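Structures are listed in the sections that come next.
In what comes next, chain A is part of two complexes: it sits with chain B in the first one and with chain C in the second one.
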Partner chain A sequence: MIEELDVRPFLGAAKLLHDGALVAERYAAFGEFIETAPGIVCVSRAGTAPLVLGSTKSRWLYRPIGLSDRRPVDCPRGTVLPQVKAGGPASARSMTSAVHRTATHGCCAVAVSRIQLEGLTRRFGAVTAVDDVWLDVADREFLVLLGPSGCGKSTLLRMIAGLLPPSQGRVLLGGTDITHVPPQRRDLAMVFQSYALYPHLSVARNIGFPLRARKWSRTDIKAKVAAVAATLELTELLDRRPKELSGGQRQRVALGRALVRDPGAFLMDEPLSNLDAKLRATTRSEISELHSRLGATVVYVTHDQVEAMTMATRIALLDGGRLEQLGTPSEVYDEPASVFVARFLGSPAMNIVEATVRSACGTLAAHGPELEVPLGIDADVPERPVLLGVRPEHLTLTTADRGDLHAVVTAVENLGSEEVAHCLAGQSRVSVRGPRPLGVAVGDRVHLAAQPRYLHLFAPGSGRRLAWRPASVTAPA
Partner chain B sequence: MTTEPVGGPSSVHRIAGHLVLGLLSLLCVFPIYWLYATSLRVPGDVSELSPLPWPLSTDNYADALEKNDVAAMLLNTGIVAVLSAFGQLLVGLLAAYAFAAWRFPLQRLIYLLFVGTWLVPFQATMLPNYVLLARLGLLETLAGVIVPNLCSALGVLLLREHLKSFPKELLDAARMDGRSSWTALWTVVVPALRPALAALGILLAITAWNEYFWPAMVLQRSNAVVQLGLRSFMGTEGNDWGPLMATAGLACLPVFALYLVLQRHIVNAFVRSGLK
Partner chain C sequence: MVSGAGGTFVEVAQPRPREAGVAPASRVRLWTRLRRGAPPYLYLAPALTLLVVWTYQPLAQTFVLSFHSWNLVPSTPMVEVGTANYERLLTAPELGASVGRTAVVIAGMLPFTVLIPVVVALLAGRVRGRAQAVYRGLVFAPMLVAPVAGAAVWQWLLDPSAGAVNRVLGTGVNWLNTTGTAQLAIIVITGWHVVGFAVLVVTAGLAGINPDYAAAAQVDGASRGQVTRWVTLPLLSPTLAFLALMTVLLSAQWTFPLIDTLTQGGPAGSTTNLYYLLWEYGFRSHDAGLAAAAGVLFFVGFIVVAALLTRLAERLSHHDD
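The block that comes next holds the complex of A and B.
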């Protein structure tokens, strides 16, 4: 018997978890597919199993630790905590403190600019804009909050800034709880999407504004502003007003106003979205360079996957107010935790096809109309439906007898160096991307293949990633 | 070969438009011209209808200055106008800032009450205000003229509309930059709202300057403000038009001056505002 347990109150992102013992017994010999989750804490419904303190690394398996397995999970900061009774706000509180204890003990020197979010939630009436987000932004990290518009990323940033009080949860800066500290007393600087330059002040006075608020002396302000202006190449423009500047110059002034304070961390809310494409590319690299030079902590909000992939040390992907995945750019791209992440990153998006996993002659393969893809796993498990994902660049054109996927080309796009062929395989749309020319034309019947290591499997119901856990790991201790 | 731009107004339309505008401005300027023309006629000629006053004479002005202490009247009126306008701007600014930048319980209701006071006719509040001033001992004082006018719903209403369109990110930026809500008001909101404040200030000051009825009630025994001073030239045997026009002409000068000075300021502020 495999049971799905509702761990929503603690997990926020997914509901799943098998009864550890049963799973282990039944599939120990063959291995099993388990759904992965970005969770922080999970607990069995009976409330007797130990908790898993989740990691901030994307890649850990949702481990049935119930009865036999008390080892730390395979994540750097994950820890198995003592037993806590499930259910009710009391246990949530004790878990929070347990999480906090582990977090503070686990780290020998707490950096000043470390930002921790603990169960941050924001509701607007009946709408939950940010839903129980747990994040730990390390010192000097460049964390990108990525997601479609309306996913809650800006709301989250405004809560970190203190411009919006959270409905629930805590914000910690350098280990200090700043949830109720007003924004002017938080050591954070923010760059706004509209730049928010003071229209009545010159560039010099705009940059010096935070220093005047801090009662710096006139000469000190002048020196500091001149230094910042020099790094941003704004020296010529110091006497101008925002109105007289171009978009890119305004953007640099906004950056200067944040830099001048030497803040604990920078918060940036889509700072490049008002720039044209070329300027965006250069400013992107300028900000990245600035980040590595200053070694500052940055939390950066964007909906642009290119910005996220190129600038981030880690990406936090949000959807519907929930944290979908947290990981380095290559982790979220190479091992998306859900169908949403898989489709959001990459252009064209990952191909997702409905299929059934079946074992034949001791190996697993995904079957579907016009589709028979070997998964490269030798095992024998019961048949189950899956969503099979493969990136367009990982599909290769091959001959009919070697092809795993058969499709008809419906359109070919020329991207200059590459070509993308859009095809129809049964009912599913599939795109293939490769160096130009691909050598196919509209109407051609093509045969496609992908290496097993480039295949992704997702659970059809929850959309979560399915990871294969070999038999040895699940064997009872 | 030249071609007319497509869709632009034709020259006939342009000329007609300018003609209408010219007529309208003539209509507005003429009474003011006539006021000064009459005041500059020789005292015997004040009822003349010739468009140009000739010979010119300043006798009417001399007469007016002799009968009334015009300088003191202008000063008093100026004090009333400036303090009323300043008080209304201050109250309006603070109230509008609260309504636009904050969320608090019963916000809508309180705002409606504010606006509601605008709809209550002056005649309804006149007597209670008068009685109140009498009890406070403020009758026959300038303070009695100013205090009941310190808050105007119009000011709150107009400034709230301006503040609603004021970019909220500027307030957020000021708070991130280390300003409290109060200091952000003075360092960011007020400078950025200068054009609106100047325009409203002019409006309120001129309204207070021109006010006749309320000062006439409070200051029954004196001609402390200039609008009441004009009264003294109107008698049962007819009006003394010459000095009346001269005093009125003098009373208009500060208003013109105010507008000329602040108008430049307004235009300048509009040009310099970097708001997108």
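The block that comes next holds the complex of A and C.
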């Protein structure tokens, strides 16, 4: 009996999509596709009882949820979906159309859109654009790929989208290996940096394009496009051509084209880079809001640290194709894993000064020309060279006797609310940021101090962060 | 309230240059202006001269000639005849027939200049690396063969008794001397000749389309065929319109050397299109006035057709920006 079956394992493994081919594939990954009795369609896994997917009694088993909220609704064992359509879904194709119909009628299934990258590498001749990247993007996460121009962000995103075959490594979507699945059959939507709006199609046809490719009926497409256009305030522009739109409007159309199909995950390649600063700020919060409303997985590429810090649940920092650090915005800002990360985030960049760590009187301090900074660590270690990092906002002006760092001001910048003083300490450039006025002038000799908790140490060769591990008192014997 | 020294609020003035007034535009002397403006025209001069000497002047002379009677012999004088040449031309029975044949040639050429090149260029786009260059080279090679040389080879291939074509097809058709097949042979040979050029044009057109569109369409779920039909071909339409325009305007010219070497307009006039008719009037019948009238008439006719087609092409094409 249908009612006796537990649908939950099936839900964990598959997502009901609009796309027939992928549905079939997901089911296939879960088990074999069989018709046990006339009209009863099942998938069976080795060693388990067949799992009923549907019956000719025109009912489907899956977890119904509202379109506005993708979170699964808790439902009892063997919940039966509201009426779909009579007729036996005895093949993948008819099953797809049934699923599609349900989707258009306001239900949609649980997305399992975790994206895993396993050792992803891409070489262009001698250039390694992406170098052995391992990433695990959780379902509903907003992951920002951040890095300077040419670090391989777009290449990585195109590999996830399936537009570029990786030289090595695997891409997994919802646990399924999709490395060799063509882009058409991946459940991903992409917003291009150039927007790539089809110039010969109206806004409405641009947004409806993914649905047209999925063979939706004209009326269904129209309704869905109208709904999406309304949320993005594009209703008045539906008949225009892309070239008749402003940059911000184009950006919204590109977003609409991605939203219209309820994809498993969104891939965005610098979607805001063509907008002016003000529009960028508003669109940023709109996208963030959209993300929390849809609960969709987003992989977002940018080289703008403000976008990364404000939007991301986690940031992946790339440099020269390599993953430098992965963490929440506060983690990467507060504990940068390398000099590159430290200097990439924050403005002005973190001050990095060559120094030597020495212990004196049982405590550690960093020494250098014009420099003697206590690290606040009570220990006795052999002397070693380090790179000492401290953010400009963590340096404070103080008196000569309490200063750890002595420098001469070379320039003062006015940022409006704050001021930045650029100084020279020995051979090193150091900047200080603080509320305006800082009260210093070019040529002044200043004395700077920083609290030990704001100091960062990096290894001079590799540039990696040096973390202090106190010798464990309860070391295993 | 403290009643201290009096005061008043003053609005902060907008920044303005201290000396109000606009600096007078300095008048550039005529000679300087000429010297600055002349170089572009100087660069154009050689091309313009050639255009005038070889195109506009003959055009004007043809126009004048079309109102005269002359037999091309320099010693005989031209006799002014008014519009008699035009009257003769428009009442000649062969004119209508040759217009029809020209239309057939154009229709027959379109597959070679539009259809086949699109298919070949799209397929060539899927071939990667060096194979692609070889493939394109093979298609383009016929273009490099001189038309008359190509015609000689084809004459040999189409020979009714020993030709390779008949042997392969197992037929005994006298291709070039049968009214039904001569036109077909001319079309196929011309098509073979220009197809490489058309492929090159289409390839260039395809290369000019931002690959992001196809990538976006793929991610949007369009299959390869759908990407071609819904994105690539519409974006290629300006190129295709250009090729169609070229075909309409130039087909009759492209076929001329082949007709002249292979059929001389025959058999029974079945390959005499507009251009060949014009040539026959002028250089067979030595009726320069009639030929000039035909030339003027065709010129005007093609201008009208070209204008219509350009208008249509503009309507079709969506500028990709």
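Going forward, the second predicted complex is superposed on the first by the 361 of 477 C-alpha atoms of A that agree within 3 Å, B and C clash if a C-alpha of one lies under 4 Å from a C-alpha of the other, contacts with A are read in each partner's own complex, and residues count from 1 in each chain.
Just so it is clear, a residue touches a chain if its C-beta (ideal position, glycine included) is under 8 Å from a C-beta of that chain, and two chains touch if they have at least 3 such contacts.
These numbers come from a predicted model, not from an experiment.
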Item to complete: Put chain B and chain C onto chain A via the superposition and say whether they clash or fit.
Response: clash
Worksheet item: Counting only touches as set out at the top, which of chain B and chain C does A:241 meet: first, second, both, neither?
Response: both
Discussion item. Touch test for A:159: chain B only (first), chain C only (second), both, or neither?
Written reply: neither
Discussion item. A:137 in the overlay: touching chain B, chain C, both, or neither? Say first, second, both or neither.
Written reply: neither
Item to complete: Return first, second, both or neither, reflecting whether A:352 touches chain B, chain C, both chains, or no partner chain.
Response: neither
Item to complete: Pick one for A:182: touches chain B only (first), chain C only (second), both, or neither.
Response: both
Practice prompt. Using the superposition on chain A described above, determine whether A:287 touches chain B (first), chain C (second), both, or neither.
Written response: neither
Discussion item. Running through the overlay: 5-13, 23-31, 41-49 or 311-319 are the candidate stretches of chain C; which one clashes with chain B?
Written reply: 311-319
Discussion item. Let me check the overlay on chain A: which residues of chain A are in contact with chain B and also with chain C?
Written reply: 158, 161-163, 182-184, 188-190, 192, 194, 196, 198-200, 209-210, 213-214, 241, 243, 257, 261
Discussion item. Quick check: in the complex, which residue numbers of chain B touch chain A?
Written reply: 167, 169-170, 172-180, 183, 187-188, 191-192, 194, 272-276
Worksheet, complete the sentence: The answer for chain A against chain B in the complex is residues 158, 161-163, 182-184, 188-190, 192-194, 196-201, 209-210, 213-214, 241-244, 257, 261
Worksheet item: Taking the complex as given, what residues does chain A use to touch chain C?
Response: 19, 158, 161-163, 182-184, 186, 188-190, 192, 194, 196, 198-200, 209-210, 212-214, 241, 243, 257, 261, 267
Discussion item. Can you tell me which positions in chain C touch chain A when the two form their complex?
Written reply: 210, 212-213, 215-223, 226, 230-231, 234-235, 237, 318-321
